[in-house]
Amino acid sequence: MKVISKSILNEVITQRPPHSHKGNYGKVCLIGGNSQYGGAIILASQAAVHSGAGLVSVVTASKNHGSLHARLPEAMVIDWENRNKMCEGVNGASVVLIGPGLGLEEESLQRLKLVLSLLKQSQVCIIDGSAITLIAQYKIILPPGPMYIFTPHEKEWERLSGLPIGKQLLDENRRAKKEIDGVVVLKKHRTEVFFDDNVWQNPIGTPAMATGGMGDTLAGMIAGFSAQFQPIDQAVLAAVYLHSYIGEKIGENHYVVLPTKVIEEISLVMKQFETESKTGRLGT
Amino acid sequence: MKVISKSILNEVITQRPPHSHKGNYGKVCLIGGNSQYGGAIILASQAAVHSGAGLVSVVTASKNHGSLHARLPEAMVIDWENRNKMCEGVNGASVVLIGPGLGLEEESLQRLKLVLSLLKQSQVCIIDGSAITLIAQYKIILPPGPMYIFTPHEKEWERLSGLPIGKQLLDENRRAKKEIDGVVVLKKHRTEVFFDDNVWQNPIGTPAMATGGMGDTLAGMIAGFSAQFQPIDQAVLAAVYLHSYIGEKIGENHYVVLPTKVIEEISLVMKQFETESKTGRLGT
Amino acid sequence: MKVISKSILNEVITQRPPHSHKGNYGKVCLIGGNSQYGGAIILASQAAVHSGAGLVSVVTASKNHGSLHARLPEAMVIDWENRNKMCEGVNGASVVLIGPGLGLEEESLQRLKLVLSLLKQSQVCIIDGSAITLIAQYKIILPPGPMYIFTPHEKEWERLSGLPIGKQLLDENRRAKKEIDGVVVLKKHRTEVFFDDNVWQNPIGTPAMATGGMGDTLAGMIAGFSAQFQPIDQAVLAAVYLHSYIGEKIGENHYVVLPTKVIEEISLVMKQFETESKTGRLGT
Amino acid sequence: MKVISKSILNEVITQRPPHSHKGNYGKVCLIGGNSQYGGAIILASQAAVHSGAGLVSVVTASKNHGSLHARLPEAMVIDWENRNKMCEGVNGASVVLIGPGLGLEEESLQRLKLVLSLLKQSQVCIIDGSAITLIAQYKIILPPGPMYIFTPHEKEWERLSGLPIGKQLLDENRRAKKEIDGVVVLKKHRTEVFFDDNVWQNPIGTPAMATGGMGDTLAGMIAGFSAQFQPIDQAVLAAVYLHSYIGEKIGENHYVVLPTKVIEEISLVMKQFETESKTGRLGT
């Protein structure tokens, strides 16, 4: 198991080339936020915008639109009762994040299935929260093609992998990961990131971050980073590290680190690690 | 009568152990906020989250959901017209706070009765605001088992104890408290906290805190502290002291201390008093 | 014409006595904010709360409740379609402010008439914005008893007094004021305050404050000051001076002074002028 | 092609004369924000208010009113389903901005046509976002009289001018502009502003500003500046320069420059460039 080092931030967070526009920094579509868990999708969306995603669309229950815009006028909203608009949102995205506050209702399941059916090879799809539970519960087979990134916490990993929390040891996790087509970000005291061929451990973080909404925030940052930076594997590692790095920094003078505080720092801290643009880095 | 000293903060606010997750810091369910008093439950919820509660669910009128999420995406919301979801919210909680902005309508009474009927021995239940008035007015008998914490101001204490404000002297209060199964936090110029066997006085605070919503904020802090720290008696004393301590601090340069300002400081000030974790402090 | 001096702030803004509670600092009821002008009543309410009013209730269109609570959970809200609750709100207040964003519709007129019909001798009633225009337009006779404070800008004063803006000279204004039972705060470049026996001029202020919502903010500050400080005449002068004083201060480094910025400073600047409490100052 | 220099800010941003009121700083009416793109009109409105426009009215879908007021109580709102109120809003304005988040639906087209039909010679009309696309798509002829300012990005300019992005060279653009009655602000890496007789280039800006909502913010600033400063040509150049100037400043320590951060700085930075009022500058 390798250990993520701070240098990942310098490697990934490169200077934006001057001749670029918002389209160059990706289109993120987030799907989640039912009538009970609207806060989750708000936090994920804020994290994606503050990480630098070029354009952010949020597909969520209409009751969440007002509070989302009150916090984040930078995002666009789509009522998830509007199937056509929802399909448009997913189709137009370079990165799709589904799960924060999606819920476990029948409609949640149908929405998840719809989104999965729309995915294209060129897209990155991050699967978080309730979406992981639904996939485990209904043994949903993911359509091949897109790059998948799963972001389970230990209980969700138990559901997905079948490994009880007590048995989630490195080798068992590695074996379970082989069954899964996608990166697995296993969120825990020292978060581990499983790729096809290796595993990285995040050496930092603080228990002050153990509070509701922190995982949604990480998922949003991974979406934002995947939309801008390449290769995606590196982008994921950088987002994981940065999330904890900011948390530790805030935790130096806060007893609890709230997700909204983490979000406020993202762009400031990214700037500290920005390095000169490499030739040809820019996508299209 | 003993006097709470600042050292209560160091004793109670201990370092979080590294291997912990949000589940270790309690699940708080707040019930309140009718169509007129939504602000009360918003403030209480913010205070609980900023105090470090692991997960916070708010059962309130649906008209308050948008403003709550606009201020606090970290919380989950439940429409209190949805009886099933409401029961789920209460059942899943380690700490229940009922009362801020609950109102005195027939529905308020029914909601209070429902919540009381659901309580379990393992839960802490904080009874604030309108819930106190309803209990006094309808002579509601609390089901034995849970630990109760009442947070009346002097007028509410009059209703609950039968003691007119002018007769609320130490011995009378002590006697009245004996009739009540629970801790009583009597909010006033120098707040007093009545336990079964002793009484503590809060020596600090400022009249700059005499403004609407300050009591809701205290109730939310007590909920947040009860969810994380043990023993509960100590947690209550620490929350009471901290609330006034922050108020005094803000009052040094503000003529009036607004609840939202107090909330912003909670986590910062808690950090200043954090002490090393004691072995085995962590719950499950 | 006398000139208000900065010392008015020291005279009026006295230290709160230690044994006091929110009831001692007044109950303000604000009525306004139709479907178009909700921002006006939000600003007035924020100003009242930030000035230190003990309890603030806002009677407004229900569509404004969410945004009001998102900005100001410290306030209570009443839907102005609910006549009973509206009457309760007005009856329970020590200070009533009607007008910001009230509108000029038939319903606005009916609401104004209802509020006026409820007023009691012990109450202070501030009449602002559309309420002034309606009173002028429908030649409404105010019921004697309460203390009235009018806060017209020049165009509204023209409507109320019959004096065209070009003819609003000191003597003419003084004569017109005699017809009016109440204090008149004539808002303009150098705001003038007309009492029965004398006139005061505000010597400060800046054109950077010439922006929408600034008058609503002043009305809210007058309400907050009238709720806490006596005599009312002095309270009005202090609120007028403070409003401009803060505006000038912000205007030192802002090209335009937004009402929301003024509001954020109120409590901080009041503290700078706070003087020791005078014996017996506290009301009941 | 001339290059805009920083001195434009000193020339345009003159001190407000003391005897002035909000009416002297213009009435801006913004039309936009459908059910999906409410954030766009919120950002534009915030930018107009923070730039110093005297009075700001926002004609938008009613679902956006709450979030707009939660962010900006300084503005008034009009439901765009209410045709009468909408006409009143447009008629009463000195500056009209149509387009941010207007959408491309049939109703969007009808609203655009209605607004155009109401315009008067004395008004400035800024045409942004979807309004540009609609005009291009339906070959709408603008009624002569008002001063028009178009704010396309390169893709919108392609639609309006017929020039594919790759062929948008200076001479081609200049020729295409001749077909258009109005100023053209062509937003790109180094934004160009086309007047009838000359072209100005904005020499500053940063790719950190390449993020959703940044164009809406610029449109709102142009509206705010056009409402206050004359001649309009100069006001437009100053708004364009200031937008990028603030972006560069924020970009010094932020990896991505969010529109809401730009907005917060407008008034502060304007103050730094304020110069003494010229005689007779003030309109009526």
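By written order: A, B, C and D. Residues from 1 in each chain.
Throughout what follows, contacts are C-beta pairs under 8 Å (C-beta built on N, C-alpha and C of every residue); 3 or more make two chains touch, one makes a residue touch a chain.
Just so it is clear, the structure is predicted and the values come from calculations on it, not from any experiment.
Chain centre most remote from that of chain C: A (centre = mean of CA atoms).
Residue numbering at the chain A/chain B interface overlaps only partly, since under half of the positions present are found in both copies.
Here the spacing of chain C and chain D, counted between their Cα centres, is 34 Å.
Taking each chain's centre as the mean of its C-alpha atoms, chain A lies 48 Å from chain C. Listed for chain C are residues 66-67, 70, each touching two or more other chains. Chain D contributes residues 13, 16-22, 24-25, 49-56, 62, 65-70, 72-79, 85, 267-268, 270-271, 274 to its touches with chain C in the complex. Considering their complex, residues 35-40, 42-43, 46, 63-64, 66-68, 70-71, 153-154, 188-189, 206-208, 210-214, 253-260 of chain A touch chain B.
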